[in-house]
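Below you'll find the structures, each written out as structure tokens.
Next, two complexes with subunit A in common: one pairs it with subunit B, the other with subunit C.
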Partner chain A sequence: MNAAAIGIWRKNPALAWREIENETVIISPDESVMHELNDTGSMVWRSIDGRRNAEALAALLVEQYEVTKEIALADTVALLDELTSRKLLVPVEAGERSAPR
Partner chain B sequence: MSSSVQIAATPLMDRLIARTVRMRSPLSVHFDLTYRCNERCVHCYLDHQDHGELTTQECTEILEQLAKAGTLFLTFSGGEIFLRKDLEQLLAVARRLQFDISLKTNALLVTRERAEMLQRHSVRRVQISVYSSEAAIHDAITKVPGSLERSLAAVPLLRERGIQVKLACPLMKQNLMAYRGVMALAERIGVPYVLDLTITPMMDGTHSPLEHRVSVEALLPVLQDSALQSCGTKIVPEDGFAPAVLGSGVSSGIESSAYDDLPCSAGHNSCYISPYGDVFACVQLPMPAGNLRTQRYGRIWEDAPALERIRNVRESQLPVCSKCEIRSYCERCPGLAWMEGGDLLGAYERACTLAEQKARLAGVAAPVSAWRKELSVKSGVRTGDAPSGSEQRPVVN
Partner chain C sequence: MQTHAILGSGVPSHLDLLVGGLPLRLCSQDSELLSAATRRYDGFNGTRQKRFSIEIDALALPSAVESKFACEFEGATVVADADSARFSGVRHEYALDSLLRMWLSWALLPETGFLLHAATVTRNGKAYVFFGRSGAGKSTIASFSQAGTVFTDEISLLRRVDGEWRAFGTPFWGEFRADGTNRSAPLAGLFRLLQSPEDRVDPLRPADLLKALLPCVLFFSSRVDDHERLLEILATASCEVAGHNLQFQKNRSFWEVIPT
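And then the complex of A and B:
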């Protein structure tokens, strides 16, 4: 299992972002690069709160969209991986964590 | 200035602009925190007396309202923003509300500690006013001895902390030919720059700053300078935030097809807030839309008649300009049309004369603006090749 699947993440506090018409625009100030998430990506992004893990985030997708748990989890892990590699998410260290939802 | 050196928005930025214009969402806000200043620039359009600035609490509430309204790009400017003792508090609020933060400053008060503070709050970009690479010229404009040295000393302090720096150089009689030096300086230190040919009347409508404005004829060497074109593509980063090399100090300089028949972003997806809480479509269009001490931002943005009036302007329906054969060379600003010509929908001499010169430089034979043709008809003078700017009888310059 990769880090995205087992870790807990929070949004990088240095970011600027807004959700506009169900799509999310994110700007990382270090590189002045703009990123965009579609509606499902936006839903995951909105729900990343430093407490939910990949499984909990995927469960929200299952509730909202007609998708199996397996597909939702695979998509969520892929998205978390991508967001992490772009430094849009930072890991929540064990000491910072409260109980997962 | 010239559409040929405007940098097109990236597809992503273009989409964002299109959506926010369609939704009428205030994507970008220019918030002047103070008009007080520690320089006394000869061309400045502001009254530097403090007539009752917004308090920290009032600014905080406004920022919360802006975030709720969907604003992403926030520019704190002035006056000199570092004269606000609560700047760090306001940056902390802006950070908490996830704005993309830019600052405009003369940077005289930027120290290592303040640069660290900006880094802590993830300020993305700082624009510094530089009028020349020669201290004698720069300091004569700011009226502060040593100001160029102090402004430039801030550049490494900021860049070492990952903050982008951009130089902004308004051009006027005092420094017109200094632009080459500013270009070379910017290239040497590796930062983008913008040369701004716009000198505006004061916000109360007084025309005194215009005495420093360069005549269109005197601008010709700048308009003809091919180095401006090539430098623009050399040093401007290729991302959605790329500025124009020649442009306006108040706009992003980003061209987008989303604006289509609209004069600019003002009132459509951007606006301006004064240190006293007044809301305008743009700092160059000080037509009061409302005041945030007595009204909620959302209410003003949605319902103010002044904003509605501006939003209804379509370039294709301008009574004179829509008929102009050299429109494509014109960078008519609705704010300047209002401030200089007194008519939001009207033509104004400066823009027409500049368009004629640019069309002539592009090889158009005997270019004459629609405004000048109408003037000729009214006065009974035959329309022909327009004389150069200095031969005109200007309205304000």
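And then the complex of A and C:
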């Protein structure tokens, strides 16, 4: 199981982002790079709060979309993996974590 | 109109400009630089009303400890706060022009405005803004437009004024220098330039317009809160102004497909 599946993440505070028409545009000022998220990606992004893990985020997708728990979890882990590799998310260290949801 | 202050020595000490409706004062003891700036920004003379004060030095001065905006270009630097700025290491008008663009891109944030790589042309009192990066065809569009209707062929200034989006001409020109460009007009639409064998216009959704605009916006701040504000402004513009993809041939026939 990779880090995205077991870790807890928060948005990189060095980013600016904006949601428009259920899509999200993320800017990394240091790199002058624009990233885009579609509607499901935006929902996950919006819900990343430094407390929810991949399973909790996937559960939100199951509530919102007609998708099985297994597919939602696989998609969420893949997205978290992509977002962390692009440094759009940073890990929440154990000492920073509040009560699990 | 009096735009220079003359000291006892006869050396002009400042030049008042009006860019995008913003009154600003360039202050320098370098008379040659101010003379060059006076020629370069002819047509953008301001009133004595001073909103922003910009001190210009030829020497490269150390940056202020705390400033809201700082940027560097080829050894020249700008540091700025809400109402004032200092340009250091400015040895010629081209450095001044570069720093002025950088500073303006930041100073427009509280004014709900931004600078865009775009040509602006007016028709029937409305501004048509054609945006794209270098080589997209901005100067081509300007050259195929009626004389006297081109605000700029290089950098447009867009601002939301009293609830209405307006396009302003700027003194930052490209290959096609337009005359008398210190004017503004309400926006008719934003058109992304795409060179093509045919002329065609397709609407852009607000989200797609925002994504199309971003690479064409001049912006130099590295602060996250400035980028958040920029995104807010661009998202507002994208929702309030009609956006289009414009496929166009290199002749004046493109005007036939522009919605009026």
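Assume the second predicted complex is superposed on the first by the 101 of 101 C-alpha atoms of A that agree within 3 Å, B and C clash if a C-alpha of one lies under 4 Å from a C-alpha of the other, contacts with A are read in each partner's own complex, and residues count from 1 in each chain.
Keep this in mind: a residue touches a chain if its C-beta (ideal position, glycine included) is under 8 Å from a C-beta of that chain, and two chains touch if they have at least 3 such contacts.
Predicted model, so just to flag it, every value in this text is computed and none were measured.
*Asks:* Following the superposition defined at the top, how do subunit B and subunit C come out on subunit A, clash or fit?
*Replies:* After superposition on subunit A, subunit B vs subunit C: clash.
*Asks:* Which of the two partners, first being subunit B and second being subunit C, lies in contact with A:63: first, second, both, or neither?
*Replies:* It touches nothing on subunit B or subunit C.
*Asks:* Would you check which partner chain A:17 touches, where first means subunit B only, second means subunit C only, and both and neither mean what they say?
*Replies:* both
*Asks:* Quick one: is A:29 in contact with subunit B, with subunit C, with both, or with neither? Answer first, second, both or neither.
*Replies:* After superposing on A, A:29 lies in contact with both subunit B and subunit C.
*Asks:* Based on the A-chain superposition described above, do subunit B and subunit C contact any of the same residues on subunit A, and if so which?
*Replies:* Touching subunit B and subunit C on subunit A: residues 13-18, 20-21, 25, 27, 29-30, 34, 36.
*Asks:* Taking the touch rule as given, give the residues of subunit B at its contact with subunit A in the complex, in rising order.
*Replies:* Residues in contact with subunit A: 10, 12-13, 15-16, 19-20, 23, 25, 70-72, 95, 98-101, 122-125, 162, 164, 237, 239-241.
*Asks:* Would you tell me which residues of subunit A are touching subunit C in their complex?
*Replies:* Residue list for subunit A touching subunit C: 13-18, 20-21, 23, 25, 27, 29-30, 34, 36.
*Asks:* Of all residues in subunit C, which touch subunit A in the complex?
*Replies:* 205-207, 210-211, 214-215, 221-228, 230-232, 234-235, 238-239
*Asks:* Would you mind writing out the residues of subunit A in touch with subunit B in their complex?
*Replies:* Subunit A residues touching subunit B: 13-18, 20-21, 25, 27, 29-30, 32-34, 36.
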